[in-house]
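One structure follows; several queries about it will come next.
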Amino acid sequence: MPDKQRVCLAYSGGLDTSCILAWLIEKGYDVICFMANIGQEEDFEAAKAKALKIGAKECYVENCNAIYENVYLLGTSLARPVIARAQIAVAQKEGCQFISHGCTGKGNDQVRFELAFYALQPTIQVIAPWRIPEFYETFPGRDALLDYAAKKGIPVTSTKSKPWSMDENLAHCSYEAGILEDPDTEAPADMWKLTADPLTSAPDEPEDVTIDFEKGIPVKISSRSQNATDPTKLFLAANALARKHGVGRIDIVENRFIGLKSRGCYETPGLTILRNAHIDLEGLTLDREIRALRDQFVTIGYSRILYNGLYYSPEREFLEASIIESQKTTNGTVRLRLYKGNCFVIGRSSKTSKLYDMSESSMDEIGSFEPSETGGFIKVQAIRLKKYGEAKKEAGVDLVKRA
Amino acid sequence: MPDKQRVCLAYSGGLDTSCILAWLIEKGYDVICFMANIGQEEDFEAAKAKALKIGAKECYVENCNAIYENVYLLGTSLARPVIARAQIAVAQKEGCQFISHGCTGKGNDQVRFELAFYALQPTIQVIAPWRIPEFYETFPGRDALLDYAAKKGIPVTSTKSKPWSMDENLAHCSYEAGILEDPDTEAPADMWKLTADPLTSAPDEPEDVTIDFEKGIPVKISSRSQNATDPTKLFLAANALARKHGVGRIDIVENRFIGLKSRGCYETPGLTILRNAHIDLEGLTLDREIRALRDQFVTIGYSRILYNGLYYSPEREFLEASIIESQKTTNGTVRLRLYKGNCFVIGRSSKTSKLYDMSESSMDEIGSFEPSETGGFIKVQAIRLKKYGEAKKEAGVDLVKRA
Amino acid sequence: MPDKQRVCLAYSGGLDTSCILAWLIEKGYDVICFMANIGQEEDFEAAKAKALKIGAKECYVENCNAIYENVYLLGTSLARPVIARAQIAVAQKEGCQFISHGCTGKGNDQVRFELAFYALQPTIQVIAPWRIPEFYETFPGRDALLDYAAKKGIPVTSTKSKPWSMDENLAHCSYEAGILEDPDTEAPADMWKLTADPLTSAPDEPEDVTIDFEKGIPVKISSRSQNATDPTKLFLAANALARKHGVGRIDIVENRFIGLKSRGCYETPGLTILRNAHIDLEGLTLDREIRALRDQFVTIGYSRILYNGLYYSPEREFLEASIIESQKTTNGTVRLRLYKGNCFVIGRSSKTSKLYDMSESSMDEIGSFEPSETGGFIKVQAIRLKKYGEAKKEAGVDLVKRA
Amino acid sequence: MPDKQRVCLAYSGGLDTSCILAWLIEKGYDVICFMANIGQEEDFEAAKAKALKIGAKECYVENCNAIYENVYLLGTSLARPVIARAQIAVAQKEGCQFISHGCTGKGNDQVRFELAFYALQPTIQVIAPWRIPEFYETFPGRDALLDYAAKKGIPVTSTKSKPWSMDENLAHCSYEAGILEDPDTEAPADMWKLTADPLTSAPDEPEDVTIDFEKGIPVKISSRSQNATDPTKLFLAANALARKHGVGRIDIVENRFIGLKSRGCYETPGLTILRNAHIDLEGLTLDREIRALRDQFVTIGYSRILYNGLYYSPEREFLEASIIESQKTTNGTVRLRLYKGNCFVIGRSSKTSKLYDMSESSMDEIGSFEPSETGGFIKVQAIRLKKYGEAKKEAGVDLVKRA
């Protein structure tokens, strides 16, 4: 008798993916469950037991440790290719022809997972139940899922579902859907999970933090309550500091890749601090023209690529070479003050970068710079503008009088 | 006997421009003084009397009222072309062949003023004493200026000069030079003039603010302490709210147009609130692709143009047409919460923009959208990525295994 | 008895769309045929008779006259929204719920047509037989279509099909597929339809052409053989001149919107001449910075939008406002020489644009420009570069010695 | 007695730099002459003898062999940093505190040379006689130079000066000034030096050329008359082919860095062929998104950097890393046909790049691609456009009816 077809399912232990697990088994597949440990707080053992009880052939809990590699531009969207890679590794190990997930058919995550799946293993076939009419017509709402769970003996945790959905990893937590779908409804104070409330729980005492960077990578963080140099510990220390002082919340309406607008609330505690420090240091150490090119082209392009799920792509590789090139001189120290939601920069220095020169920039000293030269600089810049003024005059436009 | 040559000097009443005034008279010019009222707090009458006493033929105090026109992208640099236009108007009225100012030869302001002068009146001739070796070699420091002032009978206010320089207008106050030239020296708490200290003086009670926009322009602001619809009053109300809650301070190292780096601290209270609200509303009302084009090209280009003093230029006119075009749909209301330095967005709505559709974006409803279509969208996006994965495989690179 | 469902089918008279017509009737639809007259040579009357014979309820031949409106950026892809608009107008007049076309499922044209359909009438439903498995599995090749045509009594023209496919309109003719799918196979000399062969048929005598522009629009063309000012006649005159002298052929491998690469040969005779002249004139009349912004952002963005079929979109409207703004000063005359495939610019002039000033640009005259100023311009530009040189030296890199 | 100050002068042997040489000696400097051999035809020995006769302490003729390194983006402007580096090497060897050249004060070359000098040796001091009022007022025209030459015993070649100026190197020849300053005056047929006249001297027989590339670099060229693989020989072979068939002339009005417009005629024979082939091959081998990013950001930025003389700069290094990254897959062969000024691409192939797949792109085969997926792709793209259509309808705009 031939082997059954095998599916590797991204499993969370919740109602949706438990029903999907049962449904796939019902459809005749052998199912291997996959859970990604990306730093979120979760009872992986209980979830694993549940998967096996429902009928999974196996359940892997994988530590996706790649996320610490490049802290600089790690963000929400970057969790997906990391998870996808770990899931494909399990699928390959288990000889699965199929891969499945519980993402809805309207969001970004389905795109991010699947584009990564296809790049990592071009022959893989995807089963996305929430896009299969047979599935979504069978389960039009939560009640239908509950009925199915009851019928299949799937244990349902009695806790009342929160009126929004969440997604958490080491770097951030996102909140969307449910009551948040009205963009004019304020996010409830008890929704935020990773940061203290700046208005009510953050301490009255500010805390100063010092962060050192080498080639754009944070290598040391220190404050009165935290000290770390190991990459993971440094990242956790940044999270702890931001959490304590309520730093890193945003609430926005964004444009999903598929063309719908969507309201999301995000907490990104540690990264917010690290990013503020990083950008500030670049002011001191990065050449003006490199910064302009990087900001306009690389940053905007790279963000779009990650947001749209194109991590495994030629263009991401292409832009990443530029990012590394741009960071050669980003060496130095930034001092920040955290206080009730704020992350103020209060000073920065660099021992190696000589782009900033106090006496040269000084308004009070002449230094090696000859101010009389600047007149020529301005005069040459003005050649084009004088023509503009003359052309306006000929056209009867008085730039001076115009109200 | 022929008339003397006439200079129109931008005059502040301070030591520098008073000495420049006396020096120009000594050099044989008739000098017309010009003071710009751009919303800063200043004793214009005293300064005017001082100018006339030193020997100015006339002293104009001009209200540069154009700055309220387009609140959207008004910033620090925009004060300069506004002042330049008023000064050229005085120079033309008084028949001046020359125009003069007290800007240093290392900063941005000399460039901004002079490029505007040349566009507004291509035949004007600029006298910039701080770029003339004869002048700056005669006055190498404050003591030489004080000696000269004593010799010329120029009254010097006894107040001790602050160890930094300031520039203020209705929209902002900037601080640089002096002790701020060390980028690692924290800005002193008593330096900030336009905003309450978030740590010590901002109230413990947050304040919610509602701002309405029409075609991108704020038309109404209201909170428990402020209410305004008139453009100037609205702007002042935004300033008052931000000042009270300590919103709008930054401390950065930037790249001047002439290629030097420089450390500056800026307070931009009201505009910070208005900009946060404006950007948030665009999330709800602006098409994704227009926003992407506007952010990457228009915003970055326009900022560079204003920063570099190219307000009166063909390229500014060109980009401004795009900005207006982009704002047709920016209509709606944003709700903010101000609290000790923070300006949180808590909700937004629009009666006219239909780009956001709750039921369509909803994760819980199918709506008019057919989720099964998204599979095809992803599959087509993946065509290129599958080739990428295959090419990697042929090149012996295992994207899955790579640590 | 209720009316049947109505489809408006884009019909060409060829084998494919004739079979689609018969197939749609077989599926129970009333079919209204639509043919677009966009300047190609075709026997519309014969095709109309054929459609009615097969069973179409009606057959419209519509003159899509909008294409002459804005010659400046009219190109291949622009024919599609023009056709789509005319077809939707017919569909609306005839009360069709459906719209259909014979485009393949791998090309750009399906995307261009359908995106325009959906924008023009968001409720329209598209039937694309070459994407419907039932259809394309029934008709896997030409033989199956011929059998079906025979069975349905569809007359088939006996002429042997050419080993490539063509698409023609007033502005251009494109060739792809068939033998052209091997990108290393030279396009056969007898394939090109709209231009003389530069090697064998173009005359030995060159012909000089003069083109006048107003606000970027060509308003007059004249040569020893052609003279026109009416927009359509001017366009046809440009086509006739380019055809005679073999101007406007290209052969490229391009990237389709759906992510596949594709080899295409294109003839764009008149537009090639007009575009060369237009670009050259802008050299004389357009400000440097406007040109740089337009070239980098507007041109590239606009091309992508048109190529991808997003003519009816917010972003096309947004960019078009910039294009119009940029053309205010593009007034003048360009002289060209056509000769055996070449279109050489030999001179240009403008009565209104004063951006170019012979005496000012002259290397032999000092003019109003003071060369000594340029030293300061260079010195200020060099501030940053001296730091670069010093940093290299400190890092042990000798820029001079490096081979 | 202390040594005199030493100047390293870029010397050509012509009237201008001979007078500058004499003038610098008159001003009390020891002058070291420097001549750059960059592939132009010139009698270096005669010029050297002349320099020594006028009084130069030494005269170096240096072979600037670096220009063959990276053919890909070598252009006109790239000759300057190459020359500057060789001249600085001589200046360092001879212990010169000063460096001098004969460039005019209105052109680009002064900027390109001096920015390179300052980066290569930040302490160097530049003497640019054509920007020094004492010099240019002494020598307002050719006659004053001739008088000075007679007085100083400088031999003047009797040949009548051509009514334009030229600059030649291995890659190109440029023509500007003189009669060319009227942009409507046709360049005389006898001006062009490096290419046959397409109308009168190019052969009647076309010639096919095959060029092979590895990582974007041409590695082999072959035709019935030329064959080469060595980089320099390959470059010379490309020049010979283009010269013979009249390929590579342009006539444009451009924008100089200093803000003036200028008319220039350029011949770039071999590079025109190599660039056409290179761009065509990228169509076949370069990923769509990398190409889009490269074209919009890297190419435009790099061109501006080189044109403005910023070769030795952080931003050039930064962008160059991207160029190299982008060329990893540019491997293959392009076939061209040269004929009377034309350079037609007739075919291309690549053994290693698999981005193009005939059966997949084929309109006649289904292949591995499922056309039915494309429907979903289009439907998802249309989400935003349907909203656009609906918003227009609500605003009373009928996109279908609009003429």
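The first chain written gets the first letter, and so on, giving A, B, C and D; residue counts start at 1 in each chain.
One rule holds in what follows: a contact is a pair of C-beta atoms (placed from the backbone, for glycine too) under 8 Å apart; a residue touches a chain by one contact, two chains touch by 3 or more.
If you're wondering where the values come from, they're calculated on a predicted model, not measured in any experiment.
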item	value
Chains touching both subunit A and subunit D, listed by label	B, C
Chain at maximum distance from subunit B, centres defined as averaged CA atoms	C
Higher-contact pair (C-beta pairs counted), C-D versus B-C	C-D
Whole-Å gap between the CA centroids of subunit A and subunit C	40
Interchain centroid distance [CA atoms averaged], subunit C/subunit D, Å	31
Inter-centroid spacing, subunit C versus subunit B (mean Cα positions, whole Å)	43
Residues within subunit C bordering two or more other chains	258-260, 287-289, 296, 313-314, 355, 357, 369, 372, 374-375, 377, 380-381, 383-384, 387-388, 390
In the complex with subunit C, residue positions of subunit D that touch it	66, 85, 88-89, 92, 104-107, 110-111, 114-115, 118-122, 126, 128, 130-133, 136, 140-141, 165, 176-178, 181-187, 198-199, 206, 249-256, 258-263, 280, 283-284, 288, 291-292, 295-296, 300, 304, 310, 312-314, 335, 339-342, 344-349, 355-358, 360-364, 366, 369, 371-372, 374-375, 377-378, 381-382, 384-386, 388-390, 399-401, 403
Touch list for subunit C against partner subunit A, complex	287-289, 354-355, 357, 369-370, 372-377, 379-381, 383-384, 387-388, 390-391, 394
Residue ranges of subunit D touching subunit A (in the complex, touch as defined)	258-260, 287, 289-290, 293-294, 296-297, 301, 310, 313-315, 317-319, 321-322, 325-326, 380-381, 383-384
